[in-house]
Amino acid sequence: MRLGRAFFRDIIANLASAGQGLLDRRAGADTEEEIRALCRALLRSKGEASVVTLARRTLDSFARLDDGGREEFFEFLLGELGAEPPALDAALDAYRSSPEPGTAAALAAAAEPRRQELLRLMNTAPDGTRDILSMRAALLGALAGRPELRPVDDDFVHILRSWFNRGFLELHRIDWRTPALVLEKIIEYEAVHQVLDWEDLRRRLQADRRCFGFFHPALPDEPLIFVEVALCKGLAGSVTELLFGEVDPDVDADTAIFYSISNCQRGLTGISFGNFLIKQVVHELAVEIPGLRRFATLSPIPGFRKWLMREASDGRLVNGRNGREATFEGIETADWPADTAPGEHLKDALMRHCARYLLEAKRGIYPLDPVARFHLRNGARLERINWMGDPSPAGISQSAGMMVNYVYDEGTVVANHEAFVNEGRIAHSRAVAALAGAAAD
Amino acid sequence: MRLGRAFFRDIIANLASAGQGLLDRRAGADTEEEIRALCRALLRSKGEASVVTLARRTLDSFARLDDGGREEFFEFLLGELGAEPPALDAALDAYRSSPEPGTAAALAAAAEPRRQELLRLMNTAPDGTRDILSMRAALLGALAGRPELRPVDDDFVHILRSWFNRGFLELHRIDWRTPALVLEKIIEYEAVHQVLDWEDLRRRLQADRRCFGFFHPALPDEPLIFVEVALCKGLAGSVTELLFGEVDPDVDADTAIFYSISNCQRGLTGISFGNFLIKQVVHELAVEIPGLRRFATLSPIPGFRKWLMREASDGRLVNGRNGREATFEGIETADWPADTAPGEHLKDALMRHCARYLLEAKRGIYPLDPVARFHLRNGARLERINWMGDPSPAGISQSAGMMVNYVYDEGTVVANHEAFVNEGRIAHSRAVAALAGAAAD
Amino acid sequence: MRLGRAFFRDIIANLASAGQGLLDRRAGADTEEEIRALCRALLRSKGEASVVTLARRTLDSFARLDDGGREEFFEFLLGELGAEPPALDAALDAYRSSPEPGTAAALAAAAEPRRQELLRLMNTAPDGTRDILSMRAALLGALAGRPELRPVDDDFVHILRSWFNRGFLELHRIDWRTPALVLEKIIEYEAVHQVLDWEDLRRRLQADRRCFGFFHPALPDEPLIFVEVALCKGLAGSVTELLFGEVDPDVDADTAIFYSISNCQRGLTGISFGNFLIKQVVHELAVEIPGLRRFATLSPIPGFRKWLMREASDGRLVNGRNGREATFEGIETADWPADTAPGEHLKDALMRHCARYLLEAKRGIYPLDPVARFHLRNGARLERINWMGDPSPAGISQSAGMMVNYVYDEGTVVANHEAFVNEGRIAHSRAVAALAGAAAD
Amino acid sequence: MRLGRAFFRDIIANLASAGQGLLDRRAGADTEEEIRALCRALLRSKGEASVVTLARRTLDSFARLDDGGREEFFEFLLGELGAEPPALDAALDAYRSSPEPGTAAALAAAAEPRRQELLRLMNTAPDGTRDILSMRAALLGALAGRPELRPVDDDFVHILRSWFNRGFLELHRIDWRTPALVLEKIIEYEAVHQVLDWEDLRRRLQADRRCFGFFHPALPDEPLIFVEVALCKGLAGSVTELLFGEVDPDVDADTAIFYSISNCQRGLTGISFGNFLIKQVVHELAVEIPGLRRFATLSPIPGFRKWLMREASDGRLVNGRNGREATFEGIETADWPADTAPGEHLKDALMRHCARYLLEAKRGIYPLDPVARFHLRNGARLERINWMGDPSPAGISQSAGMMVNYVYDEGTVVANHEAFVNEGRIAHSRAVAALAGAAAD
């Protein structure tokens, strides 16, 4: 029983005729001015009688703005709805003259940009949360050209991080009994392995698959993030094996392969749930299917080939003996174009360099590869590099067709995480170490 | 599918054995120290691998503290988990030397007490929200004796107000189909007219009654606030009429009387939902029962008699002519003791003074009576004063047995609210005006 | 919490090893014999310990039979599982010698074919109802070639009619929130206007459409019958208008057009719910959308052209004056082939004859046209004949492209029904009467 | 979305004014005649337009009858709504002259009492099933004084058995989250150990207890039968142990004790679900709590003391040697009155005779004791006799305060059942055998 729009239509009509509103009527003329007047009215409203109505009008007003109007609005948030300078200055002086918890707290209150409160007030509207996420998405668009809006975005992130706290998220299984309304969003948002159509989706929701998503109660039909899992016998090393193999989940499955994880809400960019999602899904599966012995991913290596080309052009690939350099020259020359699978003669060299890339290529103390960073930070172990794991054009051009398994092992995940975060240490199997060592020979 | 405790038992065991934890082991010795170490570890944790576990441990640790330990903990939040002074000072200098949106935003970030972030981190635990509300309830207990903890409470309020934003609340009807788990809380929390037992509750949930509550998705079995409504023929003026009258809701009911509104969560003290609740319930009822013509309350006047006694002792009651003073002397003398209903000979005088009390007795520009303040601020109109509306001992001693109807009229609620908030103007019926005028004769 | 298959796997293993089973072991050799032994065991089982297990095995056994085996099984039901002759003869004699309620009741009990009890026993299995419907579907297939099986089918109908009593059916709205599992069945079963794909389905579930189905609690994912409704402004006369028009249901819609009604379960052939469904949906829509003034169908006239051809070949179309015969000769000649829309010059004549067909062509006292029979029996009124209402090849070849509106008018539906059922009287508009009269001129 | 009463109010008004109804208007004068006219109209109605309305009116009409009117109505069902004699006679002749499946099926159809079809027609009304159960309950009341109504009751049983087929029942767990509407029925119907009040109920639904019930979809708020289970450590032998012991179900529980099973619907008397319920609950618990090793009952022995007294008065208790007769004389004399617990000096003798009673006292080949019959027929094993298992007055007067454990052991339940049903063989423990043997010494 959420508050319906019809109710607000009545109330708004009522408000309009009340004649005593908080709203500055001159504003009505154009939307850019109107939305500013609405925001001021929202912040000024001491009582709650009209806050929901004003909030709804503000969001509707924003929806009617064109791109230019939206940028103007964000600048208004930046320039006018920060802290109030006089109040801030006063609090600042009070704190300076007597720095104790009370004055510090008063300073914090005075320093908080008023746009944060504005976001909270706008959220009282029915469907407010959804519209605020759209507003953030628009802000991200504007931010590219106007980096000075960053502080406004920081406030969105601050508020959204609080509202989308893990404690408020609900994990739901997504399957063929899920409402079509949600399923069509899975089709739309799948980022790793595109869903072709409803038949393809159906295949991914069959008995040997699992799909789980996080949902927020204020957006019941909108997954925030979802993960797709295949139940396998053994550690699958290729997409084909995953997508077309079939296994009786009650009998044969001993391994759960997380093969796709997709964020759905552009408005939540930078607010991360993936780590929580993977861990809770591991838990759910362990309870549901006691026969599972291993939880692993089948992951891309998006930065490998780019790195390899740079290594090659910088002359750092002459690393072997016994004529290996010769074999390797192919990489620099024309015999392996961008979208063709490398020949078997390159296999050893490429796998060895891939191991080096994952273990040694860094940004600061952490791996250069973003997917590696994500899973290793979560406490996973780099387990295996799979030749021709993804022979699609995208797979070839990003990672020379290879894929990686990261293993989540409940007994070591915390220790791995700590060692990684604090020292950048990468948990990895002997096989990967051997490959990288061979590369260094 | 919320994350179960069993999962965390495992993870915690795992964490303990990991040997590399963020947790300062020396702390384990006693709980007071342990919880501080846990809080520091939570704030220090860069990654998320252990945050849920640490959060759960922190909340469990708090639950084991005795009252003294809790006060110590709150002082720790006050003294140690405010803003970090060096960072704050630096941000402050930067802002002073160049006050623009960027430095202002940085200052706001540096000024935010770290205990706010701690609350967000603790909330990642399963059942975290519930435990944080308990923590706030304990803080309110401690605050009485230690007003210096106020800044800590302000941070709880700040965070809880954000999490319990109206946009996240769900309205549910409560009836005899509601789970017993929720119903027993209605029995426990009803604040205005005590529910005697399950039979009494059942009566209040029959066909001519309605009960609605706000719920938060993170506390699905816990009403936050609920309101009880009786469907009546005409404006009921007494509790008896309300609780024992019977009306066929499909045929006769033309008036919905809101006769009780109860907050349920001590941990949410100061975060108000009543206004939103009443308005949404008005809307729900208007849709469900098109025959309803009027929405009103039957409300106590908790401050009347206390005010009257003070007026009397200050000699301000000699207000009438025609021998009224004589009649009125009874109030100051022994003929109307604290818990006996006043005689009919006092009726006129008491009703007149009650009207005066409601219209004229003020704190600042607003009425002295807290219930009047609440409904008038919401936009209601003071409609009628009812002699012997509540002849219970509590009713006699608070309001000389009278009760008031406030009417919520969709067409005027916004205008009433604005006039009240901005100017303290009280919407009221002619009958009440006449009574107060008579008092002034 | 329905009983799972896993449970029965265990129990069956257990039963098999019990060594004391009711089941005749010799039967195991081949399925045809096995299923008979299982049926006998089911009927013989005094106690319930194994009835669920035996029921499951019987249904599984049936599922393994090929077409020949199934026919044999149905013959077994016919020949062996009717009434027991000696018991029936005894009951018959008893009744003959003393015909009173007791002996009549005993006779009824003895006369009931034992296959009815077998169906009840098989239904105790998990998913039993679903499998019994499949069995009936197989029986209908066999019946075509073996009319002597009719008494077996009569018993299926008798039992299914009792189980699928209207009192046990649940009406559910089907929309874009419905589980995909159910929606794919709507795509599969739509009989009148084929659903092309998921996008087409989505269109049919938008805001200006409604779809409702009857479900039985034992088959929660299986619609039994569903009806599609379009909300329109005015009485729509063509499929195009219906499928591609758009209307704001909150504002404009004054008419609900029932444009498709589809049975889903072949196993329920002959057990009719359409009448109940239409009436309940009328009721639901009237409550949901108070602005609706009219409930009507847009229906095909499946038998018109066939009848017309016969009339023509029998020389009964020479009905007009003023040269109409001439115009009409086209029907008998080559100028209007089977799958081409008739020219405008035939319009008047065809519409007049269509009115005659609907009002005058009879089988017994009822209309020849099956769709007309259905709606008129339900109490609808024949309202309007629409030229080119369905210009699809099927529409042309069945009804010369015309469609009909039948109107369900709450105030007259019972009287219409009674007059129709008892006297064959057809409620119809003046316009249709005029058309038919013109035909007779 | 079941069909609402309001709908029918309209339709009935409509029907009444239609003037062409099937209903014989003369009947309106008095209810006894009216209901007969309604029943005839229901059976006569060829079409469905008014069947739901007529069904609702018939049931409402029955509800208004007094006891005498109801008996008259049942006699009407007996005398007038059996098979139609002419049709039956014709079918009978046809069968006699040519006894084959077709004529047998026609005979069965003609022999079926028309009151069966009447029940099916009445069930189309909203809430029809509930009202038909009430009608049956009334019939059971009338049957006591009028045994000639038995054939009518047989038809109710026949139809209800079909509708309440195990395949249509749903098992639901009942706990403190169950709607109060259902819980109050648990309080009302508990037959074995009375529930004192809501607090008592709450205790029975705590973490170490389970309660499960069968529900029928047409009666969603009405349990048909429910069973209460306590999770224990070891085989509990007394009610006190059960009701007041506490066990951590996750850690300690190794035994589930079924201590109460209650039928809720008088209208379903004679249609048994207990066997199915116990077996499914065993299955549910085995899945939920893998630590459970044993499933047993703690059951009364309702017929023991009555049997013992008869044995004593018939002089059959002089069964011992070594002075046992002397000890036993107490039973026949005044030293053990009806509602006092027997002294310890009687313990051995009473337990031995109780074992004899359970193993040897028979009706036909089955045990005399009805509770023993129920569990042994289900395949349970007679495990242990518990001295002072139920020291309540009822327990003393029925069974000298003793209770019995029957054990359901998945591995032997089918074999036990078969041996019991076919040969009356009672599965029992050595301990019970030894007791009975001692009795025979």
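Every chain is named by a letter (A, B, C and D) in the order it is written, and numbering of its residues begins at 1.
Quick note on the criterion: a residue touches a chain if its C-beta (ideal position, glycine included) is under 8 Å from a C-beta of that chain, and two chains touch if they have at least 3 such contacts.
Since the structure is predicted, the reported quantities are computational estimates derived from the model, not experimental observations.
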Chains in contact with subunit B and with subunit D: which ones?
-> none
If you take the chains that touch subunit C and keep only those that also touch subunit D, what is left?
-> none
Chain whose mean Cα position lies farthest from subunit B | C
Is the contact between subunit A and subunit B built from the same residue numbers on each copy (over half shared) or from different ones (under half shared)?
-> same
Please work out the Cα centroid separation of subunit A and subunit C, and write it as a whole number of Å.
-> 50
Computed distance of Cα centres, subunit C from subunit B, in Å = 58
In whole angstrom, what separates the CA-based centres of subunit A and subunit B?
-> 37
Among subunit A residues, those touching two or more other chains are none
Indicate which of the five shapes (line, ring, star, complete, other) describes how the chains touch one another.
-> ring
Check the chains against each other and report every pair that touches.
-> A-B, A-C, B-D, C-D
Please name which positions on subunit B make contact with subunit A in the complex.
-> 1-4, 7, 10-11, 14-15, 18-22, 46-50, 52-53, 78-79, 82-83, 85, 88, 92, 95-96, 99, 101-102, 104-105, 107-109, 111-113, 120, 123-126, 128-129, 148, 150-151, 154-155, 159, 161-163, 165-168, 170-173, 217-218, 272, 275-276, 279-280, 283-284, 377-379, 410-411, 413-415, 417-421
Parts of subunit D lying in touch with subunit B, wherever the complex brings them together | 176-181, 183-184, 197-198, 202, 221
